[in-house]
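Written out below as structure tokens is the structure these notes cover.
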Amino acid sequence: MEQINNLISGGAVTDLLFYVFAALTLLCGLLVIANPFSRNPVTSAMFLVLTIISMSGLFLLLHAFFLAAVQILVYAGAVIVLFIFVIMLLDLKEEQRRRIRFFGLFAGLLSVGIVFSIFIKCLSSAKLATEAPANAHDGETYALGKLLFTNYTLPFEIVSVLLLVAMIGVILLSKKKLE
Amino acid sequence: MKYEILPWLILFLPLLSAAVITLFTLRCKTTSSLISIGAIVAGFVMTVVFINANGFHPAVSETMTNWLNFGGPLQIDFGLKLDALSLMMLLIVTGVGGAIHIYSYGYMDEDPSKARFFAFLSLFTFSMLGIVLANNFVMMFIFWELVGVSSYLLIGFWYEKPSAGDAAKKAFITNRLGDFGFLAGILMVWGLLGSLNFGVLKGAMETNPAALGCCATIAGLLVFCGAVGKSAQFPLHVWLPDAMEGPTPVSALIHAATMVAAGVYMLCRTLFLYTPDALHVIAYIGGFTALLAALIAVQQNDIKRIIAYSTLSQLGYMVMAVGLAGPTPAMFHLTTHAFFKALLFLSAGSVILGMHHEQDIWQMGNLRKKMPITFVTFLIGALALSGLWPLSGFFSKDSILGQAYGQHNYLLFIIGVFIAGLTTFYTFRLFFVVFFGQEKSKAASHAHESSLVITLPLIVLAVFSAIGGLIGIEGIYHYNFPIEGEQSAGFIAALFEPFKASPVAALLGLLAFAIGLVAAWALYAKAATDPLPAKLGGMATAMKNKFYFDELYEATFIRAHDGIAAVVNWIDQWILEGCGIGLVRGGTNLSGRMLRHLQTGNLQTYAFLFVLGVSLVLYFVLRK
Amino acid sequence: MTTSILTYIAGWPIIAALVLLVVPRNYRVIIRAIAVLATLISAVLAVKMFCQFVPGANGFQFEQQIPWVDSLGISYHVGVDGLNVGLILMGAIVAFAATLCSFEIQTREKEFYILLLVMSGGILGAFASLDLFFFYFLHELALIPTFIMIGVWGRGEKKNYATFQITLYLSLGALIALVGLIALYVASGANTFDIPKIIEHAKTNPLATNVQNFIFPLLLFGFGILVSLWPFHSWAPLGYGVAPSPTAMLHAGVLKKFGLYGLIRIALPVLPAALTTPILSPSFFNHFPFGWLPAFTQHWLLNLTWPYVLALLCVGNILYVGWVAMRQRDLNMLIGNSSVAHMGFIFLGIASLSLIGISGAILIMVAHGFLAALTFALSGYIYKQTGSLEMSELGGLCRKLPFIGTALLMAAMAGCGLPGFANFAGEVTVFFGAWKVFPAITFIALWGALVIGGIYMTRAIRNVLHGPLPEKWNTMADASHVWRKLPYALLLASLLVFGFWPRLLTDKINPDADKIVERVTAPAKAMDKVLVQADNSGVRN
Amino acid sequence: MHVGLQHYLAVSMILFCLGLLGVILRRNLLVIYMSLELMLNAANLALVSFSRFNDKLDGQVLVFFIITVAAAEVAVGLALIVALFRKRQSAHVEDLTSMKL
């Protein structure tokens, strides 16, 4: 732990790691939505796994160890498995190439452009901290857990109910016939 | 004032009887008719008692409660005016009305809706008494309207006959036209003088004759409009003949004795309002109506219509008398006319009953043998109407002619004398055709005399028609309209009074009577068909068709209203609803149709729009 | 504070509606019984309230106030004075009669009764409310069931069209009025929704004249649309023509009066300057080139005031709609149009801004409530029997329907202003009130009331009741037993009672109407006083 | 250049845009769903980096909740897709336009 800590808090190495993870995240993200070699959803799902793993790398760099673990557990472990199950279940063939909708392309690029420009504008006008504070929360997980069970008890409980509801909902939905 | 409660009872008993009949005894014919007759007879008795106790000229002549009260500017009382004018009218309405009620008991015996008939009669009596007793304009207007509606109900009594329904409608609307002017006049008088009470108004006008200012004539004429409608003066005279569609007792009660007289009564009551100019107009309208109606009557063949036109003509006389500043002659004639015209109508009813509801005089003939009592009473009525000395009609008619002569209005005087001749002519035309000559139909040969309950009122009325001019009725009205000079007293003096007062009028009147009688005898005593059309040609056709007034009104007033209504309805439908609403609707519809293309059902289009929306919000939030 | 009787009057129908929610739909008798009972109780309470009302007592009676949202100044506040005491009585009686008349509804009765009860409660509550929020909210509560009832239980081919039109018009009217009311709330600065407080506040801090001149038309036309002010009237005859009769009774009779009541209760006392100052300021002429107009037109434009505009629009109601009514071939359309025409008299009374006129207007409001309910109930009955209200197909109905026929005859007579019915008392009062202010318009109104009204009403009677009875209607049945006759008898009796003794109402109305008139004319009088003083001082010097 | 907050945010931003692009461009429901996940992750990244640079843990708590909700959402969403597929035999958005007038 100590070593890892030292490693990532070290300036140049962390910077390098950031660039590696960021590039990986973005590249895999891009391949999720647009893979020039395959239009099979399974490929997209696989790249999503990669994206998520490299994201958890970024989380580590941000000292969010617990979240990094949860990210891998929940997303890569559960969500993506679910995706792949469904893909298998539905027996989706490789998507045929359909005619590119120019309106769709235009709409997509336009909306992304707008959103992007708003982001850029915000980002450039904001005064952001460049230096992370020293490791104030070394006991990350401990502190997070404490917060979760003190200040955020109610939302926590609500979320648990939500999960229950979702579970029941899913069971109901996937029954063959709704009575 | 003694027995102050009596006038209220007289007024409200008939209403009570109408209400009781309508609510409880509608199924029971006899009970209903007895209730109604009881109410009016009781009214007559109470009137007599009241007059006995207080005389014709009570010291305190008003009694009232407050009906609507808005403080200073507007107080509408519900009050009774008790003076000679109204008390005499009370006697007429309850007395003649009572006789007609009793007559109706026999006349309507076979009608299944007899109870309803008596309810309507009682309602009418109530309204008529209200007009008579009213002490202010609004109350008079209230009862004015009620009289209108009860006459509407009675004319339309046999509502299943389309003609009856139409006649009722026509009477109502024509009356409403008059009422329109009346109410406008009332508002105008109130606006200028600030009161509605006759006594107060009279006082105000006497202290300051110019109180009404420049509007005086207009206000007077507007009020006169009411009388034009109710008393069926030209140009609103068209409803009265049609009103004969009602049962005969109704014609007698409403359209001869009482309701149509209400206009004349109202004019006398509000005499203080009229400027000389207004009186002039009134006199000429009266004279013209009298002439017109008499001419039309000459060529009618329906027994009731002839009498109806004669009524119109006599009403014209009365209105003319008022216009000649002679309220006493007018009221005098009103009184005697109530007797003999009710008598004539009821006798005609008896004839109609005997003839099994045949009304065409050219189907009758030689009835004097079959219906002797009716014959005698009809004769008395006819002679009184024609103005034979010493029957009642002579005196009253003479007083009107004398008034015209005395006012040096020779044009109206001549018209009056001429009409007197015409009256005799058409009355005896009717009389000869019906009672003399040959039976002109089977029904006429099987005619029979009516029962006692019908003939008894005839006899009573006949007596009054005969002596009505001699019992001092004129004198009673002098309480209200005092005149200078001595009143001759005594029965014999009264008998010859006219010849003393204005010999020209009396003698010319008698001469006209003689000429009319001789002409009628010559033409109609033995006629089987009407010889007159051949002699008069186009004039006779015009007379027969009532000078085309119905057609004229049909073409102008009714067409105009219907035309405007059609145009307005078109505007309403096509411009307001069509264009106004249509445009709004069309615009909404169009924009909806256009916007619905955004609703493609495609998830991604929605996502795109959603992003656009969000970025718009973000833009505005982060603008600064 | 004890619960006011008014809360009970408006509350019982609402409670009954809630109870009905849990009653199974096949218990028809029980559903009807509950509805009838609730409205009966509220009608009896209203009569009691009317009898206990003390005329001329200062302020409101049977008052109750419960604060609700303090920060905005909203509270539940009910109370009566002379302006609404008659309306509440009328509303409760009409609601009872309408419930009785709902026997004719055969489908989805439960829902119908629930909506009817909500509507009744809403109306009564709106009239009793002295808080702007509840005043408006309860009106909407009553209005929305109207749309649903017309849409679902309506009759005839034009049902959908009529429903859309009435919904759009009334929503628009309510919306404009809402904008006006909110503007009033904001501009008054009293920071309260309490109507008496707003009026008091406006007395001491009057709104600027131009603000008043802006708000008044919003209220006038907003409320005006709700009352079918010409030329926004075309929804009314159409809507009533297709509405089931209980709905038409309640809406035409009671709910429609809300707009008029709002004008008298709120617009007149709070915005007196808008009523007395010309609409167009002289500077208006500087902005727009009106120089080419003849001088008298310019003068007329400069002196145009809102009451005068209202009086002119009345002519549209009285004369124009009267003529439209003459053309109608359908009995219900005729009644609907005549009902619109009657609104003209009320507007005329309000426009006269005199004690007599406003009292008369309220008198007509009450009278017309009974009358409209009666006529729509009767036409509903006839429709139920014949399946048609086309006048050319009817005729001679008096023979088969003596009771209904007589009632219809009386209603028609009341409709053309026959004395003895409350309408006459109201109309004649309005004429007296308006005569001094608008003689020419009153003259025209007289024509509309006496002649045109007479024509179309007698024509209707001639076509429906008189004449020979067509063969096909031989199977009709008259209202036979007491419960069937009761609503008609009750409404007729109410008309007659107030027709014979209008002072029952006017004595209650007058003191409060007087306050409003004083409020409206006060600025003018104060001005006069100033002028008189100036004159006097001039003389003294 | 030293890696600061804005670098992380830039990554998050680009990732978000990529996800958005996927949502609007791709026509396979499953891929659209994955793109949505990308967008959520982009938000998560932003939150975590804010949390780190502002020295407050609340951001991470939020991310924790987001992940939970996202899991539930994915479960329900995929169930819906499966149900839809059973009915329509397609997971293609252009075949699922029955929600239009």
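To keep things simple, chains are lettered A, B, C and D as they appear, and every chain counts its residues starting from 1.
Quick note on the criterion: a residue touches a chain if its C-beta (ideal position, glycine included) is under 8 Å from a C-beta of that chain, and two chains touch if they have at least 3 such contacts.
Worth saying up front: this structure is predicted, and the values here are computed from it rather than measured.
Participant: Which of the two pairs, A-B or B-D, is linked by more C-beta contacts?
Facilitator: B-D
Participant: State which chain is most central when centres are taken as means of Cα atoms.
Facilitator: The chain sitting closest to the overall C-alpha centre is C.
Participant: Let me have the rounded angstrom distance from the C-alpha centre of chain A over to the C-alpha centre of chain B, please.
Facilitator: 99
Participant: How far is the middle of chain C from the middle of chain D, if each middle is the mean of its Cα atoms, in Å?
Facilitator: Chain centroid spacing, chain C to chain D, equals 58 Å.
Participant: Quick check: how many Å separate the C-alpha centres of chain B and chain D?
Facilitator: The separation of the two C-alpha centroids amounts to 92 Å.
Participant: Could you please state the distance in Å, as a whole number, between where the Cα atoms of chain A are centred and where those of chain D are centred?
Facilitator: From the centre of chain A to the centre of chain D is 7 Å.
Participant: Give the residues of chain A that touch two or more other chains, as numbers and ranges in rising order.
Facilitator: 104, 107-108, 111, 115
Participant: Among the residues of chain C, pick out those that touch two or more other chains and give their numbers.
Facilitator: none
Participant: Pull out every residue in chain D that's touching 2 or more other chains.
Facilitator: Expected reply: 20, 24-25, 27, 94.
Participant: Under the stated touch criterion, can you name all the chain pairs that qualify?
Facilitator: Those chain pairs satisfying the definition are A-B, A-D, B-C, B-D.
Participant: Mind listing the chain B positions that touch chain A in their complex?
Facilitator: Residues 604-605, 608, 611-612, 615, 618-619, 622.
Participant: Residues of chain C touching chain B in their complex?
Facilitator: 165, 168, 231, 234, 320, 323-324, 326-328, 355-356, 359, 396, 398-399, 406, 413, 416-420, 424-425, 428-429, 431-433, 435-436, 439, 442-443, 446-447, 450-452, 454-455, 458-459, 461-462, 465-469, 502-503, 506-507, 510
Participant: Can you check the complex and tell me which residues of chain A touch chain D?
Facilitator: Going through chain A, the ones touching chain D are 11, 14-15, 18-19, 22, 25-26, 29-30, 32-34, 41, 44-45, 48, 51-52, 55, 58-59, 62-64, 66-67, 70-71, 74-75, 78-79, 82-83, 86-87, 89-90, 92, 95, 98, 104-105, 107-109, 111-112, 115-116, 119-120, 123, 126, 128-133, 136-137, 143-144, 147-148, 151-152, 155, 159, 162-163, 165-167, 169-170, 173-174.
Participant: Can you list the chain B residues touching chain C in their complex?
Facilitator: Going by the criterion above, the answer is residues 22, 66-71, 73-74, 138, 141-143, 145-146, 149, 152, 156, 159-160, 162, 164-166, 168-169, 172-173, 176-177, 179-180, 183-184, 187-188, 190-191, 561-562, 564-566, 568-569, 572, 576-577, 580-581, 584.
Participant: In the complex formed with chain B, which residues of chain A make contact?
Facilitator: Its residues touching chain B are 104, 107-108, 110-111, 114-115, 118, 121-122.
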